Amino acid sequence: MIDIRNKKIEEDVFFQEREQVLSEWPTGKEVDLDEAITFHKNLPPHKVWAKKMLDPRNRSETFAITGMGKTTLEQQIELLRYVQDEGQAELLATSVDSFTRVHKYDVVEKGLRESMETGQSRLNGLPVVHHGVNGIRKIIESVDLPVGTRYGAADPRLIDEISLAGGHTGCSGDGLYNFWNMNSKLPPETVLRNHQYVHRLIGYYEEHGVPITPACQGMYGGGIPSSLVMTALLTQMLMMAEQGVKHVMLHFTAQGNLAQDVGSARTLQKLSREYLDRFGHKDVVTILTTGLSLVGYPVELGSAFAAIAFNSIVAKLCGAQINDIRTVSEAMTIPTKEDIAITFRSAKVIVDFFKGQAIQVDPKNLEIESQMSEMETRMILDRVIELGDGDVAVGLIQAIQSGILDHPFATSPLVPCHVMGIKDKHGAVRYLNHGNLPFTKEILAFHKEKITEREKDLGKKMDYETVVNDLLAISRGVLV
Amino acid sequence: MTDENETKGTMVTGVIGDDVHVVGIRILEHALREAGFKVVALGVQVSQEEFIDAATETNADAILVSSLSGHAQILAPGLREKCIEAGLNDIRLYLGGQLMIGKTAWEDVEKTFMDMGFNRVYPPGVLPPQIIKDLEADLASKK
Amino acid sequence: MIDIRNKKIEEDVFFQEREQVLSEWPTGKEVDLDEAITFHKNLPPHKVWAKKMLDPRNRSETFAITGMGKTTLEQQIELLRYVQDEGQAELLATSVDSFTRVHKYDVVEKGLRESMETGQSRLNGLPVVHHGVNGIRKIIESVDLPVGTRYGAADPRLIDEISLAGGHTGCSGDGLYNFWNMNSKLPPETVLRNHQYVHRLIGYYEEHGVPITPACQGMYGGGIPSSLVMTALLTQMLMMAEQGVKHVMLHFTAQGNLAQDVGSARTLQKLSREYLDRFGHKDVVTILTTGLSLVGYPVELGSAFAAIAFNSIVAKLCGAQINDIRTVSEAMTIPTKEDIAITFRSAKVIVDFFKGQAIQVDPKNLEIESQMSEMETRMILDRVIELGDGDVAVGLIQAIQSGILDHPFATSPLVPCHVMGIKDKHGAVRYLNHGNLPFTKEILAFHKEKITEREKDLGKKMDYETVVNDLLAISRGVLV
Amino acid sequence: MTDENETKGTMVTGVIGDDVHVVGIRILEHALREAGFKVVALGVQVSQEEFIDAATETNADAILVSSLSGHAQILAPGLREKCIEAGLNDIRLYLGGQLMIGKTAWEDVEKTFMDMGFNRVYPPGVLPPQIIKDLEADLASKK
């Protein structure tokens, strides 16, 4: 079994491991770290994720982002340029196809060939490993905005080696997220360790003056209580910081109840600073990202646009700098360039209409949600750290297996999946089942009360059927 | 729930290939169990071989393949042939999720996969009651 | 010159005038008031505008409405049914074509014929007079929702006679609006008098137990300060009430600055009750309607949907029961049934996402805007009433001519048009020029200050160019 | 503003027929005056006869007809012929606003009205600077 600890990987161990990582596929040879650092240093600041986001002029802006990935370089360049020009985008992305994510490089090769032959995208994203550093550079050079990768992979080491050397300045990189959602075979320690490598790589870039901004992704799904999402985020933030990461996106998954979402986002801002400082990472900066949970989305176009507007307003209310959004075709297929552009325009315009306008959520509820989410998050997070005797990584492994930190819909068979969230009558997510989470009676009573309220309205006990209903609510144009 | 002995049939379920979209199949599995089916749930990232082995072992009536990632065109071909090779001659193959990348008319999507030997192919958004109704009809007609 | 006073028209005078009105076009003969009253009484409550709106279950809902009018009955029925079923509408409308509005009945006849022959709509709305009572009834009987007419006409008497007898339960009917916007030839007393007839007709229906809900329309345009809009509304409300109208929609035109819009809407609710009571109309009920000002709208689809979402959120924030909305094709053409349905769906979904969620505008600004708009409105309105020695109609005629109550873009050459509004840096509309409005120095200083603020930002004096810029801002996806 | 004597040309402006959409033409009139044209503004609900009388009286170089209500197809035919009858032989006729009801390709809209004898036809959203540029070019070529 891998021995995982939240300690910075020694440079020689890292470089030894690198050799093996880079030898996985021929394009690994193209990666030359020193040369890549020079390449990054020559990027103008407006093409660097962290610099763009930390520019004081942008600190109160809300920029849209979404996944975007075609199979061939030509398609990808055409896509990103269109989104940049027609969509008036501020940030761009490279979504990595899911065969690359699972290292099925032979299948990728076939898909890539077919895509070139037919002119159609056969893969659900850009196969970055196959395109290699030189291919990726062509993309980065074709656009005038920062580009970040988006993927979920149990082992993203080669993906990040190549895409970062290629000039991406943002990336994914949340180990816990990828253990829970992207993996059915590997134990948590292996997945977390793979990600420590990525964090260490980013740390190396940072040590050499190149800012790279990975994302703590949390839990994207529907019906997941915010304290669970935030605990997950904070553990990964601490693990990233330990490896030398200096800029972190914190992706908070909103569920649509504004008091809960905004209250939780406030908690997240507070706790992220507090825990970073406590562990000695005073120089690590966070950037808040929000997005509505990934559940069934509406097929009907008017409703789809309403979801985009709502997603954007939630981001605005949460004070998020990045508005992570699903496109108008989310319910159906991978978005075309037109879909993305129109989605970005819509998001930008709605945010612009609210520009400089102070709107706020009912302060009383906000305060309650903010406090509850803070108490809950502290209980879980502190217990995780305690389990590891102060080492969050060690604690995490134990917490995952014992369900001290749990996931309702994990893909890994190693996860208990006992915890289950459900919406209350106002759309705030409560614990229907708290599994093994270390909560006090008072907290549980609060959740119980909210659940009973909705049960009264429904005239029946909440059950799996209600959970399903919640997961499909947005697709029908309602929150609950 | 129904007693195991009186199960309406045995279903092997899973998400194929590289795919990790687990929520839809979990919901479906739950609904199938509630409706009285026996469910053999293989989880995500299941290979064709794993589907067939499970179906053989449990003498399944149907294999329910979920594919959301858009790669079904790459992952689904050959499954019917492998079933026949394995002697699963009259096993029902159902396919659902979000099957193709890019906007394609549903008729074309359906035809593509029916031609591969699937018995029923479902568009995104189909709900468990519909699937259960079809299963009941299909298994009844089998007898 | 017509002698106009805010006094209920004597029944015999009214019936005498009716004969002349109904003889204007053959279909006038179809109108039988007693029979119409029976028809209305047999309508189920969910098809009656006032009953639907006053149903306690609907009091906190926000229903979308927009104009909808095709040329032939078949087209109109197909349209309304589609909007009802696919758009999940709660209210329907009949937009009257603009040749009918100006009594060019021969041109209507030609347009109607061509529309029947080509199958295309040649007129920009439904020619209600030509279709007559029996035609209109076919529409009302084909749908399961309340239907209201929408028109602007200097003389809408026959339009209302026919469309109300046909079973419409809501209508337009704001005399001042129609003098200002829909007319270049007639003096204000004539236009107001025409509308008193309509109000008297509605009063007659009300006396016989049939609720009809006309709208005070105010001023729909861009860059019009809210106190101007509200004064206009309140004068018409008082004139309607005098003739026996019991249910009034108050259409407030929002300009996009939330503090100003919501603050003004609050003022409007307060003053409408106060002035109704003061003039002895304690039994008159008002229903708040809001809509973004009618200016250039965006052609780009994503931006158009953002405008729809914003329009809906403003309605929600203002506490409006009706969300008067422009469709996705507003910038281009008369909406198709699909355009309306998708617009309604989008508006409904966004409002539903906010359901039960208390969001509010910054209370401090809200208070300021609410107070300012109240002071200003009282100053103008009280002066108007004073000019008429307590008679709002008499006062109005004088106020219009002298610019005590003025309009920046009136169509009537009799209007000074000296007043001019402009947006401040936050999108609130201020008086760039107050013309002859009876304001105190303090009020003017407040506006001046806000204007100077934006001028500083712009680095230049605000002028006509800025006014134009404001009028086109929404079409570019920004408020200012 | 330019002295009246050195005006760049005389423009008769108005909104035709039943139409009351006044804002666009007001903006245009303002811009024309600023650019040094003489503007004879007829307001809204202007008939073809009123346009022609004003143009004759003021010896105008162009008539700028605005139509937003969607009725231009009904209201515009015959204007060119009446101009010729009235001896306004080389007067420029411009048309702008929102011309047709229902979604029609711009090329078709343009052609419809060019065929009626308008010299230039503008789509919705056109801004004064473009119009002024065209006017200047057209009036220069006239000389």
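For reference, chains read A, B, C and D in written order, and residue numbers begin at 1 within each chain.
Note that in this section a contact is a pair of C-beta atoms (placed from the backbone, for glycine too) under 8 Å apart; a residue touches a chain by one contact, two chains touch by 3 or more.
Fair warning: this is a prediction, and the values are worked out from it, not measured in the lab.
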Averaging each chain's C-alpha atoms to get its centre, pick out the one most distant from subunit A. D
Could you give the separation in Å between the centres of subunit A and subunit D, each centre being the mean of its C-alpha atoms? 56
Calculate how many whole Å lie between the centre of subunit A and the centre of subunit B, each centre taken as the average of the chain's C-alpha atoms. 30
Go ahead and note the Å separation of the Cα centroids belonging to subunit A and subunit C. 47
Could you say which residues in subunit D touch two or more other chains, in rising order? none
Using the contact rule from the top, write out all pairs of chains that touch. A-B, A-C, C-D
What residues on subunit A touch subunit C, complex-wise? 256-259, 298, 300-303, 305-310, 313, 317, 341-350, 352-362, 365, 425-427, 477-479
Using the touch definition up top, name the residues of subunit A that touch subunit B in the complex. 98-99, 101-102, 104, 107, 110-111, 120-124, 152, 181-185, 221-222, 295-296, 299, 329, 331-334, 336, 409-411, 413, 464, 468, 471, 475
Subunit C partner, complex, touching residues on subunit D are 18-20, 22-23, 26-27, 30, 34, 43-45, 69-71, 73-74, 98, 100-104, 124-125
